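In what follows, chain A forms one complex with chain B and a second complex with chain C.
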Partner chain A sequence: MQETYEPKILAFLCNWCAYAGADLAGVSRFQYPPSIRVIRTMCSGRVDPFYVVEGLQNGYDGVFVFG
Partner chain B sequence: MPVVKQLLDLAAVGSSRLQLHWVSAAEGQLFADYVTELSDLIGKLGPFKPADFKLELAAAATVLKSTRIRWLIGMDRQITERENVYHEKVDPETYQKLVSQAVVEEYQKGLILEAIGDKPQSVREMADKTGLPVYTVSLRLNDLEKAGQAQFQGFEGTTAKFVLMAA
Partner chain C sequence: MESRENVHQLKKSSITKSVGSVLVVGGGIAGTQAALDLANSGFHVYLVEKSAAIGGGMAQLDKTFPTNDCSMCILSPKLVECGRHLNIQLITMADVEKVEGQAGRFTVAVRERPRYIDTEKCIACGICAEKCPKKVDDEFNCDLNKRKSAYVKYPQAVPLKYAIDPETCIYFKGKKGKCKACEKFCPADAVDFDQQDKVHTIEVGSIILAPGFQSFTPDVPPVYGYGTYPNVLTSMEFERILSAAGPYQGHLLRPSDQQTPKKIAWLQCVGSRDLLPGSHGYCSGVCCMYAIKEAVIAKEHAHDDLDTAIFYMDMRTYGKDFERYYERAKNEHGVRFVRARIHSIEPSAQNSDDLKLRYIDEDGTPYDEIFDLVVLSTGLEISDGVRKLSETCGIVLDEDGFAQTGCFSPVATSRPGIFTCGAFAGPKDIPYSVMEASAASAASAALLADARNSLTQPKTYTDEVAVTAQEPRIGVFVCHCGINIGSVVDVPAVRDYSKTLPHVVYVADNLFSCSEDTQHLIQEAINEHNLNRVVVAACTPRTHEPLFQETIREAGLNRYLFELANIRDQNSWVHQAEPQKATEKAKDLVRMAAAKVALQEPLDRLQVPLNHNALVIGGGVAGMSAALNLADQGFHTYLVEQKEELGGHALNIKRTWKDEDAGAHVTEIRRRVLDHVDIEVFTGAKLIDVIGFVGNFTSEVQTNNTVRELNHGVAILATGAESYQPQEYLYGQSERVTCWHDLEDLFTREPERLQQAEAVAFIQCVGSREPDRPYCSKICCTSSVQQAISLKTEKPDLDVYILYRDLRTYGQREELYRKARELGVLFFRYSLEEKPVVEQTTVDAKEKLQITVRDHVLGQPVRFQVDYLNLATAIIPKNSEELAQLFKVPLNEDKFFLEAHMKLRPVDFATDGVFVCGLAHYPKPIEESIAQAQAAAARAANVLAQEFVEVEPIVSEVDQDLCIGCGLCEASCPFGAIHLVKVAGQGYRAENISASCKACGVCAAACPQQAIDMIHFRDRQIVAAIQAGGAG
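Showing the complex of A and B:
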């Protein structure tokens, strides 16, 4: 498949779970696309529903919340 | 999150643009898999143009900031698992219905508030802008008037015009 379009995705990662998971993915050199922009939160419960809408308003193609 | 997903569907943005998944600190591979799979999914949906959804997103934002929805979401466990101040317990299904009904109403109100903007509008103009039926607009406008968020301004010819009230 020819990749011409790379989506811009906002990702909220929980400091204790997914952020460490992402770190592990990096350390273990698992390949994943460079489309996500990470915001580390102290807990995924910290992510207000409003942030999701705000992210979309600011032109992100998608929003991920990993906890 | 179900509320936000419902809102994104209402706004025709599509709920799959929001993804919530659980990844533990030990699951690096799972994280990589999720990102690969979901970026692909978002990539297939194509670029999102916020300019096309300005009204809808602003309305969704109003909903998520509204006291009614905040209260309903916050009281979820209290009402369905314990009891409310009248010692009544609501079963989760009824509660879900209640919330989604409230979300729809608040979303329509949000749309109307956005549509009125800074100049007086008639019900018909608002209906055209929001894509809602005229009847729905007048119902919600009624709610807004009761809540002191919008008011009748006067007639222009024979058409009634409405404006926003300063908060």
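Showing the complex of A and C:
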């Protein structure tokens, strides 16, 4: 099988909404690609633009802020 | 006024004599919840359990509906909390023998049977079971496999102590004195064959009975070949087969040949809705949902194509999110639903273990279909032991053997001071059992309010180890979560990988990391290996972080030196088809958690003053009940109602389904509310603003043109719902078409209308179970059936028709359905695709309504004329969005309030200090509204009974040396939790207000100077996680 490009994604999820949503996706067994790494923050407002740069410099292909 | 105070004084003086402890009988989920609520609000609890460990029926379940949560995973933290609670005394293997005294002061004799293991000495190493030569059926696994005579009830048992079963032990049953292998090998010298019965005499103020149900056993007389054909199982047996700790380690196998079944059938209503001797007339209320769940989970286990079929009479998916679950099972998972009562089961061929089911489908076509496995959806019933317990306690049972309760006192038994909860008071599911458990604790707390804190002791901890100067020494514990994680992620590989990470000095894997034995293992590892940081790779911190934090705190580590790596909810569950990548992801998540925890610091929780008043919004029966209970518990309560009078929808109800006079009860509740010295009522009032947080809310309530500011520590949302105004079935066009209670009212107002009427019809599901409102309104079937009975009783020659989709007279309401049919009420089933047609017509110069519906028995359209048509319309949320905004709490897709956890936190919100009850949560009958209201009061009292609020120390921190006083933080903070202050000689500098800080970190992200950091989510901690995650 041909290897397809799968970008590695860093995700910042708000504890109260998006992180809870990601848990709910688990409970509901919604399947999604395993190339995402989640960091929980107490609010998406915590995400300093500098974290995004840090992510891109450290091997991630994309950064996703969800809240 | 004077007399009112006298009543209050009198009550106070009579209850100061009461005892500040409560006896809870039964350690299932209901008993456990009741014990925790009481122990957390100032009462000492004795929890008496008849078996060797608490957990009850819920511990045997594999998953729970409608969220598919792992049953053990959500139950275990509660069991652990219960087991280690300073104010809960567990007495296992014990029965209540005698109850004397009265409400406020009972003397109870409890007989504890010998365990033959000294629990003080037992270290739960399991050597006794390993060495025990006697194999016996394992009742926890429904006898599908063997255990030893020396045994532990189940791997996550609380207390985790072994027991020796004298009924089967060779020493007791064989020649006296022989064997004793367990004693010989026990390294702790814990085996004690000389133990005798111990009788505890305990004094308690009240008693809560939560002995639970037993599953109907379809063996005498045998039903559907159960006991003869090895592949006919009960639903509980099937739960055990699905369970990772079950007889086949969670592999979906059938008993006869341990092969994977390709076709499984579920047969509903076995032992329920059945008038044959030995069976029960009532509906067991939970079987439709658990059968759907088992079918969905079986499909998940099977990986390959598995055919699942559920044979049923009425699909009763009446609870919150149940209908959606049913639709998803049908449309997404491909579970087949066949409306048919199976006639018989026989082997498909001679010597075959496959089973042939013979049935006739809806069109009348007979079928023979072969299945590999048949699951009987057996009902819930009361055991002989529980009947005996009721006799001992002197309480009245109803005809079905359940504890008799009233709709207006849903947790009170016939004997004052003795309360009930769970399936003992009628068949019910877990959330409702949990609600009743909290309600029973609220009722006890109200009775014993003056004795609160008289017998409890505060928890003390050993001093924290000072870790700041130490190098990080991290322990990593990787959870299999039964098979939830282990079946996808290579857990041993993750464990071994963790060992290679910086600062990690200890690793282990556990079957269930949340079980009590694992807590001890974690604590032992901390002590033995001098760990100063812990990572658990398991489920989500949103549910399980507090448990592990408490565990490490007990071992002397600060709670904040802990991190959870979520390798279940956000990994194994969502990457089921990609085990290798999921394993890699789990390694990354552990690496990120370890990198972050290495930089975490010990923190102290902040203590904030607490206002002890409560605010209840909504003056219906739910709001009034919540307010009354809180006030009876001694908390000053504000009750805000939008209308000019209290009472809500309950005022429209004439009689409850248990045939009680609803009006009289509602009037009495209202009188008690208005007379209560601790309740302040605001009618014609509206909540216009809310600020603050748990323990410290300030609300503005507007009445006419005045606005009053109220300070309160908690809030209960009980704003109710309303009925849908239909567009269909000529509603609004003909005065002969009415809704809900309007027809009853019309006949009461104008009795001649009923006298002249020849026929009346009811149409169900008007606006419910539709694509744009895909939920069941729960109470409509019972309401229409009740009205039909009362019409038929008043006027026997009246033709009464009920047009329905599934008749959902759940639980003991089934008796009403039976009675209605007996009285000659005619039931026609229609489908969503072919709704009844209603037209205006004239018969013999009389104005009539003509109804055409396709009859499900004849398969033909049937046409009849009626004088009146009453519509059971959907219950819809009322102004919930406005309130949700004010309190920042979530709504579900249907705009009902969304609780913190559907199963185990049914009245809490994720936001501390805010609770929900009544129809605002979901449509429900009066007794469930009241139980839920009392439950909300109990949960609120858990907060109000404390001296202060403890808040998480996750707040902003300003480095004033770096701060330039620009004020961007103050401008960006949505909570007013950071502001500029004048610092002598430096101009302005930012200062945080910890009590108001919500930890969002917007200020930190906004600060151009990097002068603000968030404690526990510091820049360097987050960056460490980013770098660790990217490195893989």
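Heads up, the rule we're going with is that the second predicted complex is superposed on the first by the 64 of 67 C-alpha atoms of A that agree within 3 Å, B and C clash if a C-alpha of one lies under 4 Å from a C-alpha of the other, contacts with A are read in each partner's own complex, and residues count from 1 in each chain.
Going forward, a residue touches a chain if its C-beta (ideal position, glycine included) is under 8 Å from a C-beta of that chain, and two chains touch if they have at least 3 such contacts.
Remember, predicted model here, so these are calculated numbers, not experimental data.
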| item | value |
| --- | --- |
| First, second, both or neither for A:46, with chain B first and chain C second | second |
| Partner chain in contact with A:7 - chain B first, chain C second, else both or neither | first |
| Which of chain B and chain C A:37 touches, first, second, both or neither | second |
| Which of chain B and chain C A:16 touches, first, second, both or neither | both |
| Doubly contacted residues of chain A, that is, touched by chain B and again by chain C | 16, 20, 22-23, 25-28, 30-33, 35, 48-49, 54, 58-60 |
| In the complex with chain C, residue positions of chain A that touch it | 8, 10, 15-16, 19-20, 22-23, 25-35, 37-43, 45-49, 51, 54-55, 58-60 |
| Interfacial residue positions of chain A with respect to chain B in the complex | 5-7, 9, 11, 16-18, 20-28, 30-33, 35-36, 48-50, 52-54, 56-67 |
| Partner chain A, residues of chain B touching it in the complex | 1, 3-4, 7-8, 13, 16-36, 38-40, 42-43, 45-48, 50, 53, 57-58, 60-61, 64-65, 73 |
| Residue ranges of chain C in contact with chain A within the complex | 67-69, 300, 540-542, 566, 568-571, 573-578, 581-582, 584-585, 588-589, 592, 910, 954, 998-1002, 1004-1005, 1014, 1017, 1019, 1022-1023, 1025-1027, 1029-1032 |
